[in-house]
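Here it is, the structure in full.
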């Protein structure tokens, strides 16, 4: 049993992957609860494509990859937030902007592969689909630190953000900076997206940015436990995914992580559907006056 | 994807350039295929934008990637893979229960999860099929090279089929998209129509993906349609405009990409985005003029 | 106006939010809201002017008037979200916006998305502590007196609005009337001195309108909360009203319902003959009210012609 755990951890590549993905998955899990609640999954989808373009631009112009990723995702996140009312952008505008940004990504990919003789031919693929097992020790450390930082900031703004999501008018009257919170939140999502594209790749970000929150929202309607659950599900998705990929090497880790996240969501979906059906069949009897407990 | 070996530089004599482009059978096929998919994508895209289903459309687009890579893995034709996966995904998305409003939070989360999983599956297929990595770019970002005449015929047939079905359901679909509650009260089968629409969208996307790649097909879906809707509120004119813009940006992209070392996908999205941005500006200008005119009119008591 | 801390409903627990608030004290009867010669401009156009309003502790006041006249704007002015163009506005003895922690606000609202999976009590709880940074610590209630107090206060307001039976269900699944009751509980949870309600009866069916109106009146008396309520239809709340503020293009009138909703006053306000008819069951109907296309084609259009007379 002990060997079962220490075996993989004795490989530095696995330990690094575990460290990085824990921090990143925690940040994404936390962000995903709010993304789903605020109906901003499409924005997150757009950001995942922006991450690809940012990384390709950095490669094409010889800048640090991480710098390109963070600068573009955060900048575009704030741009999309400021285009719409209350930090929620219009669906059509998002669609157009990110389709074009993806086109730019293709251009940078072409510049990179054409201009650099030393170029790693599969760099574009790496950015798109992730390569968590290739992460270095220092990069893993940075990823974990950034993940924890994003988590802390999200925890600090969590309650007013929840308030301004559910009840923007009342929150505004109570001097909660509704619009600013929306922008800060999107910037944090941008940072999470930039980090997460190293784990599951730019294309599969939604596996980490939508699934944990949606699963948690299925399982409980109490917001604060749901926030914790969302974080936990994100981290567990990453751990189980990594373990699976280690055990069955033919499965790439980004696939297993996203696959586990999908299965978890599907299970929660099916479970609650069954529960609701049973509750319905029990003839919606008037419930006893519940004692209020928060 | 890059027509680098063909770069000779245009003569800037438009007629001569077009003649030169069309002297290559592969370019003729590319122009034909481009026009065909642009028509299908722009028409379906117009309804997609109207119904605020961009996210579902984008998800269907990305699903083509596992379809094609899975088909390659199994040794089937990629065409079958594209159609099979896109239509299947359309049915899955249509099965997600819609709770009241169009963009329910849970619906979009479920759509996003379908998308992430599909892309993960695609990557798995690529990983399983070793030595296929060089083709992955074409699957994602498209290729206008090597479109065969048979393919053009197949694309043409599918587009006609899509347009015929759309012509039949067009009016009730418009009604159901604009005002679902009233439409349902008038006996329009709103729910069935939304399933049929998504399947149709899946077919159109599968078709277009074979040329544009899974990631860029979304540009052809959303951009011409959004541009047309910014310019006019009239349905028929909007559809026509959407198709015209779609074909124009595709052909322009093809023509420019032929003389450039950079990929077609970049040019098509850039031209389309420029059109969209311009249409937004035109509408903004129009609105300002209108309100000025109204102010002038109200200044004089009637 | 020290009425908040001497609420009629006995409260065993000390409300954490209320303790941080300096207890507003003053001689009983000092106005909670006073507007003197108030006017407001929105987008360069004057919406209303000459508003005189005094709301005392425990008063139930309705704001009436045609669509687009700026009833909700008055609420925004009182909340300090919009500056008045002229006149003097005092809320709880200070400038608007200074005492918002003692105001319960219920905006004119859409209902919650049917798929929203957040419980009713959680929405109520946000009214108590939603503006605090950070997350609540997961300490069991019996170890944290503050949390116990919050829990007790939430249970109390939920009971007060009669929502205990469904407060623990996701709010998206509740009916419009049930949601409205929970939102009133949210506005009440910090023991406000004033409730600002913007069309709370809108989109409710008739029995629910009557029930919610009775509930608001009961709360106003029990808790000594002043209520300023924007209403489209005065009839459901007519029996409970202390005062009516009627806004019109020509100016504003304030007084008891019997004094304001009369043929003479409204005709003067509108500068057109208007007739107030009382039906056999006691309902009021305003006939000939110029809400017709002539004046309301476009609420953003500058006022045309001579409907800008002062009242009186």
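Going by the order they are written in, the chains are A, B and C; count residues from 1 in each one.
Throughout what follows, contacts are C-beta pairs under 8 Å (C-beta built on N, C-alpha and C of every residue); 3 or more make two chains touch, one makes a residue touch a chain.
Worth saying up front: this structure is predicted, and the values here are computed from it rather than measured.
Novice: Of the chains shown, whose Cα mean is nearest the mean of all protein Cα atoms?
Specialist: The chain sitting closest to the overall C-alpha centre is A.
Novice: Which one of the chains is farthest from subunit A, going by Cα centres?
Specialist: Result for the farthest chain: C.
Novice: Please tell me the distance, in whole Å, between the geometric centres of subunit A and subunit B computed from their C-alpha atoms.
Specialist: 26
Novice: Taking each chain's centre as the mean of its CA atoms, how far is subunit B from subunit C in angstrom?
Specialist: Once rounded, the distance between the two centres reads 49 Å.
Novice: Hey, how far is the Cα centre of subunit A from the one of subunit C, in Å?
Specialist: Roughly 41 Å, centre to centre.
Novice: Which residue numbers or ranges of subunit A touch two or more of the other chains?
Specialist: In subunit A, 37, 217-218 touch at least two other chains.
Novice: Could you tell me which residues belong to subunit C and also touch two or more other chains?
Specialist: 116-117, in rising order.
Novice: Show the residues in subunit B shared as contacts by 2 or more other chains, in ascending order.
Specialist: 104-106
Novice: How about subunit A: which of its residues touch subunit C in the complex?
Specialist: 37, 155-160, 162-163, 166-167, 169-176, 217-218, 220-224, 227-228, 286-287, 289-294
Novice: In the complex of these two chains, what residues of subunit B are touching subunit A?
Specialist: 1-2, 4, 49, 52, 54-55, 58, 62, 103-106, 108-113, 115-117, 119-121, 123-124, 126-128, 133, 136-137, 140-141, 215-216, 218-219, 222-223, 226, 229, 261-263, 265-270, 272-273, 276
Novice: Tell me, which parts of subunit A touch subunit B in their complex?
Specialist: Listed in rising order, the residues of subunit A that touch subunit B are 36-39, 41-42, 44-45, 49, 91-92, 94-97, 99-100, 102-104, 106-107, 109-111, 114, 122, 124-125, 128-129, 200-201, 203-207, 209-211, 213-214, 217-218, 250-252, 254-255, 258-259, 261-262, 265, 269.
Novice: Please give the residue numbers of subunit C that touch subunit A in the complex, ascending.
Specialist: Residue list for subunit C touching subunit A: 79, 81, 100-101, 103, 105-107, 109, 112, 116-119, 121-123, 125-127, 129-136, 138, 141, 147, 150-151, 154-155, 158-159, 164-170, 186-187.
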